[in-house]
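Across the two complexes that follow, chain A remains constant while its partner is chain B and subsequently chain C.
Right after this comes the complex of A and B.
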C-alpha cells in the first residue's frame, strides 16, 4: 500500500508523461529541437577555415617568388588567385572578391639569393574578425613552411631567420585534428539540456496556470513538495533521455571522441539538469503568463548559457565584469566538464570541482523555488 | 456549515475591496447560489473558502475549520471546479477522472464503481477514451463536475459552471448536482445568470463586493410581488418607444421588452386596472410572477436612491441622467434588406463550424443569433463582419458582397467585439479618435461626432481616463460609441452584455433599441435567453446549423403543450435541441 503522498506524486508524474508525449510542442522541444541543434552545430557551424579566397600580387617573377606562391596555392586552406600588380589585388580585396592579399615585392627572389629572409606583405580583410585571425595565422604558417623548405634545399645556415618570426613547434593535445566540431558538439549539449530543463518546464507550468488546471490541482490535498517534485522529476528524466540521445549522436554521427566514462557523463548531466529545472520552476512560480515566462526563460537561461558556455566566445577574453558574471551560470562549469569528458577523459578532480559549483547553484535555485511556491493563488 | 465573518479581500493595488466585509452562513444539504455580475466578488469568495486566497481581514470557518490555517484539512473533503473546468486537455475522460481520484486519494477498490456511476450519470461512457480537448463545451463541463465529485466530497465548489453551455446541458448539470450531493453536502454554485439563481435553494447576491441579499431566491422575488405586469397590444416600434419612456418614469423600477409584450415593475404594489389605466391607455395589463432579477434590480434601484455616489457605475448606468437622446431619425423603408446571409458555410479542415446559414435582416430590425459556445454563432457572425472568409456561400451588407468587396461591406457596418476591442492604455477620447480615424472620418467630422458621443454616452467625466481602468459598464458604452462613430447602416454586437450587471444591460439595450428605431439593422449574438426576448427575430444555432428561426413568441408557441402551458424561450430551445439530437441519433 502506497502512502497517500506518494500515490499523489506518482499520479502527477504519470500525468506529466502522458501530456508530454501527446503534446506535439513538448515533443518538439524535447526531441526534435535537440537533433536540429546538434546538426547545426555539428555540420553547419564550423570555425575551420578552408578554401579561403586570397589574392597574390606577384611583382617579382623570379623562381623563388613563384615557389612562394605555390606554397599558398598547394594548401587546401587557400584558393589563391594571381594578380600581376599590387593595385589589381588591392582592388579585389576592396571589392570583397578575396579575403586577403599577399604582396610579393619585386626584390623577393633577390633578397633570398642574398641569404636573407625576404619580406612579403599580407593585407587581410578584418570585417570578419574570427576569419581574419585564422587567415593571418595560416599565412604566417605558409611563410614559415616556405622558409623551412628553402633552408633545407640550400642548407640550414643559408638563410638568416626573419625578424619577428619565431620558429614555434606546436603540438595539439586532446583535439589532435583541432576540429572545432569536437568542442562545439559538447557545447550544444549544454544548450539542449538548458532548453529542456528551463524552457520546457517554464512552458508547461505556465500553461497549467492559464488553463486553470493548476487551480484545480491546488484545491486537492496535493502539497507544495509534491507539486514541485511532480514537475521536477519528469523533466529531469526527460533531460537525461535527451542527454543520452545527444551522446549517441555525438559519438556515432559526428565521431566526436568520448573518452570519459558514462558515470561521469550522467553525473554531470544530472547536476546540471537539477539547476536548469530549478531555474525553470523558479521562473514559473514567479510568473504565470506563458509568453512572459518563456521570454524570461530564453533571456535568463538560453542566452547567457550560449554566451558563457565558452563555446563560441572565449570567456578569458571577456571584460572583467562579464567574466565575473560567468561564474553565476551553470553553463560555464558544465560546458568545460563536457569538453573534458568527451576529449580528455575522467579528470575527476576537475569534474568534481565543477559539479560542486553547479550543485551549489542548483541548491540556491531549488531552495528559492520551495520558498516561493505557495499552495495558494497569490 | 460555512461561516463568513466580516471577511474582506483587497487585492494588491486595487482601490476598492473585491469582497467587502462579507458576513454570511451557508448550510449543508442545499445548493447555495453565489450570484452577481462580473466583479461582484463571487470567485474571490469561493477561492477563499478553498484556501486559494487569504482574506485581508475577517475569517472564514468551514465545518469548524479555519480556511486560512486548516487549508489542507478542508481540501481533503473539498471538490472544486474552477471556471475553465480544470481539465487536462491532453488526457482522456477516464485519465482525467483517474488523476483526480488519485490526487484525492480515492481507494483503488472504490474507483471502478465510482467511475462507472459518474460516467453513467454524465452520459460519458461512450467517450471514456476521448481526449478532453475533443469534448464539446457541455461534455467538458460534465466531466469537470465528475472530477470534482469523484470522492463524493462534503463541500463542492462550482465556479460558474453554467457559462457558455447550451441550456439542455445546463439543466442536466443541475440534475447531477442535485442527485449526487448528499444531505450533509454543501454545494456552492456561482453564476451571473439571474435565471439560474432562481433554481438555487439559497442565494448570496453580491454586487461590487457587497452582499445585497442572502436567503431563498423566492424571498427576493417576493419583494416585488404585485408590482410586476405584462402589457400586450403594442407594435414592435411602439414597444421600444414605450419602454424608453417608461424607464424615465419615477414610478417605474424596470421596463423591458419580452417578446410581443412589455414587462414592467413598479415602485409600489398596484392593481392591474390601475396599471392599465394610468400608464397604458386602457391596454390590458396582467399581473405576473416576479423573478429573481426583478428583486435584484429593485434592490439596486433603491440603494441607488439611498447612496448617491457619482462614481458607482451600476447605478450611474441606469440613472436617467444618461438616458438616450430623442428619436431624430426620419422615415425609412422597413422592408429594405440590409444584411443578408446566403448559405454561409465555414469549414476548418474536416470540421464544419457553420453550415449553410441563411437569414436576412431588414432596416430597423434586431436579429438575434442564439446558441451555446462552439455552436457556430461566432463563426457565422465573423463571416458577416468580413473577419472570416466563408468556405462557400456569401453575405451582403447593404448590397456589398463580403466575398467580392469585403472592405466596402465593412465600411457600412459597426462591429462591437466580445471583449470590446478597446485599447486599454488609451483614454476614452483617444479610443474614439483612433476609431474615427480608422473609419476614415475627416478631422472636423471626427471632432463633431466625438463631442456628440462624449455627451450622449455620458463619457465626458471619464474622457481622460485610460479605458482599461473604466468600470465595465462604461467600457461597454465606449465600445458601442466607437463602433457607431461612422453612422453605420448595420450594427453587429458579439455577446455585448455578458458579465455586466442587469442595470447596465438594460441601459445598453435601450441604446440598441434607439439605433434600431433610427433604421439601423442590428445583429446580436447572445447566450442569455432573456436577452433574446428583445429581438424581433431569433435564429437558434446548434452544431453549426440553424435549427430554427422566428419571433420569440413564435418559437415559444412551438414548445407550448399541456404540461408546459407557458413555455420560456429556454424551454423552446431545449425542446429543439432534444428534437435535433433525436434525429441525429436516428441517423447514427
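Right after this comes the complex of A and C.
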C-alpha cells in the first residue's frame, strides 16, 4: 500500500495537472511558446551578415574606380548602390538606407596609374556595433582583393600591398558549417525552460496565495513539503516535456547537430528546471500579488536569462559588478552546457562543473522557499 | 457626440486616478522601467573585449615571438594562455577557458624571411560563441595584417582604405543599444499597463460596473487606450530625459517627431495589449498572452541582430511589427540624426498598425460585452 503522504502528494499533482490542462494559456506557454522561440532563434536572429547595403560615392569616373566599385558589388557580402556625390551618400548613411559608404576620391585612377596604392574612404554606421566590425573586415578584404587583381593585371609589383601578407587559416570548431543558428537555437532552450519553470509557476502559485486557496489547502492534512512538491513536480514535468519538444524541433526542423547523449541533455535540463521552478515558488511565496509577482518574475528571470546566458550578448564586455552577478544566474551555466551538448558532445568535466553550480543555486532557492512558506503560515 | 467625448474624458480621468492612487500600479509603472534601463544600459553589449586566447607557439625564431608580442598588447585580449601541446589547446577550448586558439607553426620565422613564401597561422574559434567567435576571427585577421604590414610599408597610414566609424566613433555598445533600450522599455510599460487592465477588472469584479455604465464599448476602448497611452507617454518622457541628461545622448531630430512617433507607437502596442486583455478571462492568461507577443516582437525588430540578416521572407513578415518601425525612428532620432523625411516614412506603417490593432481591440471588446 502507498503511504497516505504519498497518496496525498499524488492527489495534489493530479489536481495541478488538471488545472494546467484546463487552462489553454498554460498549455500555450508550455508547447506553443517553445516552437515560437525556436523559430525566432532559428530564423529571426543571425550574426551572419550578407548582402549588407552599402553606398559607393564615385568622385572619380575612371575605369579603375568602376572596377573598384565592381569588386564590392561582386561579393555576396555587399549590395552596392551608386551615389553621384559624397553628400548624397552621407545622407543615405544618416538615414539608415545604407550601412556603410565607400568614397572613391577623384585622384583614385591617377594614383593607381602612378603605381601607388590609391586611397579611398570607408564611412561605417557605428550604431550597429557588431555589424560595423564585420563590415570593416569585409571592406578591407575587398580593397585588398582589388589591389591584388590590379597588380596581377598590370603585371607589376609596383603597387605596394596593403594587407594579406600573413595567411590566417580560420577554423570554426564545433560549428563547421558556420551557421550561428547552431549555437543560437540551443541557447534559446534556456529562455523557454526559464519561462515555463519560473513564470508559469510564479503566476499559478501567486494566484493561489492571492485568492487564499493556498492557506485553504494547507489547512487540510497536507504538509508543507507535500504542498511544495505538489507544485514543483507538475511544472518540472511540464518543463521536461517542453525540453523534449525543443530537442526534437532543434534536431529535425533546424538540423542542429546533437552530438551529446540524451542522458546529459536530460540531466542538465532537470537540474536547471529545479532551479527555475524553485525561483518561481520563492517569488510567489514572498509576494502574494499576481501583478507584482509577474513583474518580479519578468525582472529576475526573463531579462537576466536573456542577458546573462551569453547567447546573444557578451558577458566578457560587461562591467565587473555585472560579470560577478552573472555567476548567480543558472542561465549562465545552462546556456553553455546546452551549446556543449548540442555542438561538442558529452564533455563531462565541463558539464559536471556547470551542473554543480546550477544545483547549488537550486538548493538555495528551494531551501529559501521552504523557510519562507513556514514563516508565512506562522 | 459632445456627450460621448465627455464620457470618454471622464473614463480617462477615472483610469488615471485609479492607477496613480494604487501603489501597485505606481510600482509597475515606474520601478521596472528604471531598473531595466540601468541594468540593460550597462549589461547589453556585443562587443568582443576581455577575451582569453590560447597560443601554441611552435616557432623558435624571432618572428613568432614578436607576433605573440603583438597579440599581447591588443586590448581585445585580457589574457593570453600559453599552451605547449595540441592536447592542452583542445582542452582549454572545450572547457571554455579560452574563446580561440592560435597556432604559430614552426616554419613561421623561416617563411617570413624567405621571399615568395607566405607565412601561415591557424586560428581555431569556439563555434559555440556565435557572436564572439566571428568578431574575434576578424580581429585576429586585422592584427596579423598589421603585423605583416609594419616592416614593409613605410608610407603613412593615409594610404589604402581609411575606415572611419560614424555616429559612434568609439564603438560604445551603450550608444549603439540606446535606441533599442528606449524602445523595449516603452513597449514593456505600454503592454503591462494595457494587457492586464481589462482582465484585472474582470477578475476583481469591477468590470460589470463598467458594462452597466452609459459608456458604449467603443467609448470604453477609446478611454482605456487613451489613458494607457498617456501613462506610458509619461514614462517614455522620463526615459528620454534620462537618456538626454543622464547619458548625454542628445536628441538629434525635432522633439515633435519623437512625440508623434511615440504616441503612434504606443497606441499600436497598447491596442495589442487591450486585444490580449479582452480575449483573456484572468490576469494570468493576459500576462501569458503578453509573453507570447512581446519577446517575439522585440527579437524580430532588429534589436539584437539586424533585420537585414534575416531570410527575405521573414523580413517581409516583420513589416506589420510595430517595434521594427519604432526602432528605425529612434535610431534615426537618437544616434544618426536622420532626415525628417526618412523618419516620416516610418510613421505610415506605424499609423496603419495602430489603426488595425485599435479596430481589432474594439471589435473583440464589443463582442465580449454583448
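Following the convention adopted for this analysis, the second predicted complex is superposed on the first by the 301 of 378 C-alpha atoms of A that agree within 3 Å, B and C clash if a C-alpha of one lies under 4 Å from a C-alpha of the other, contacts with A are read in each partner's own complex, and residues count from 1 in each chain.
Everything that follows uses one rule, which is that a residue touches a chain if its C-beta (ideal position, glycine included) is under 8 Å from a C-beta of that chain, and two chains touch if they have at least 3 such contacts.
Note that the structure is a prediction, hence the values are computed from the model and not measured.
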- Larger contact residue set on chain A - chain B or chain C: C
- Task: Pick one for A:115: touches chain B only (first), chain C only (second), both, or neither.
- Result: neither
- Is A:339 touching the first partner chain B, the second partner chain C, both, or neither of them? second
- Task: Go through the superposed model and pick first if A:91 touches only chain B, second if only chain C, both, or neither.
- Result: second
- Message: In the overlaid three-chain picture, which partner chain does A:217 touch, first (chain B) or second (chain C), both, or neither?
- Response: first
- Message: So in the superposed three-chain picture, is A:23 touching just chain B, just chain C, both, or none of them (first/second/both/neither)?
- Response: both
- Query: In the superposed arrangement, which partner chain does A:316 touch: chain B (first), chain C (second), both, or neither?
  - Reply: second
- Item | Contact residues of chain A, present in both the chain B and the chain C interface | 23
- Message: Give the list of chain C residues in touch with chain A in this complex.
- Response: 24, 27-28, 31-32, 35-36, 39-40, 42-51, 78, 93-96, 118-135, 137-142, 144-145, 147-149, 152-153, 155, 158-169, 171-173, 175-177, 179, 188, 192, 196, 200, 280, 282-285, 287-289, 291-292, 295-296, 299-300, 304-306, 308-311, 314, 328, 331-332, 335-339, 342
- Note on the structure: The chain A residues in contact with chain B across the complex are 4, 7-8, 10-12, 14-15, 18-19, 22-23, 211-213, 215-223, 375-378
- Item | Interface residues, chain B side, partner chain A - complex | 47, 50-54, 71-72, 75-76, 78, 80-91, 95, 98-100, 102-105, 131, 147, 157
- chain C partner contacts - residues on chain A that touch it in the complex: 23-26, 28-29, 32-33, 36-37, 40-41, 43-53, 91, 93-97, 116-117, 119-134, 136-137, 139-140, 143, 160-176, 178, 180, 182-184, 187, 191, 195, 199-200, 203-204, 207, 289-292, 294-295, 298-299, 302-303, 307-308, 310-314, 316-319, 322, 336, 339-340, 343-344, 347, 349-350
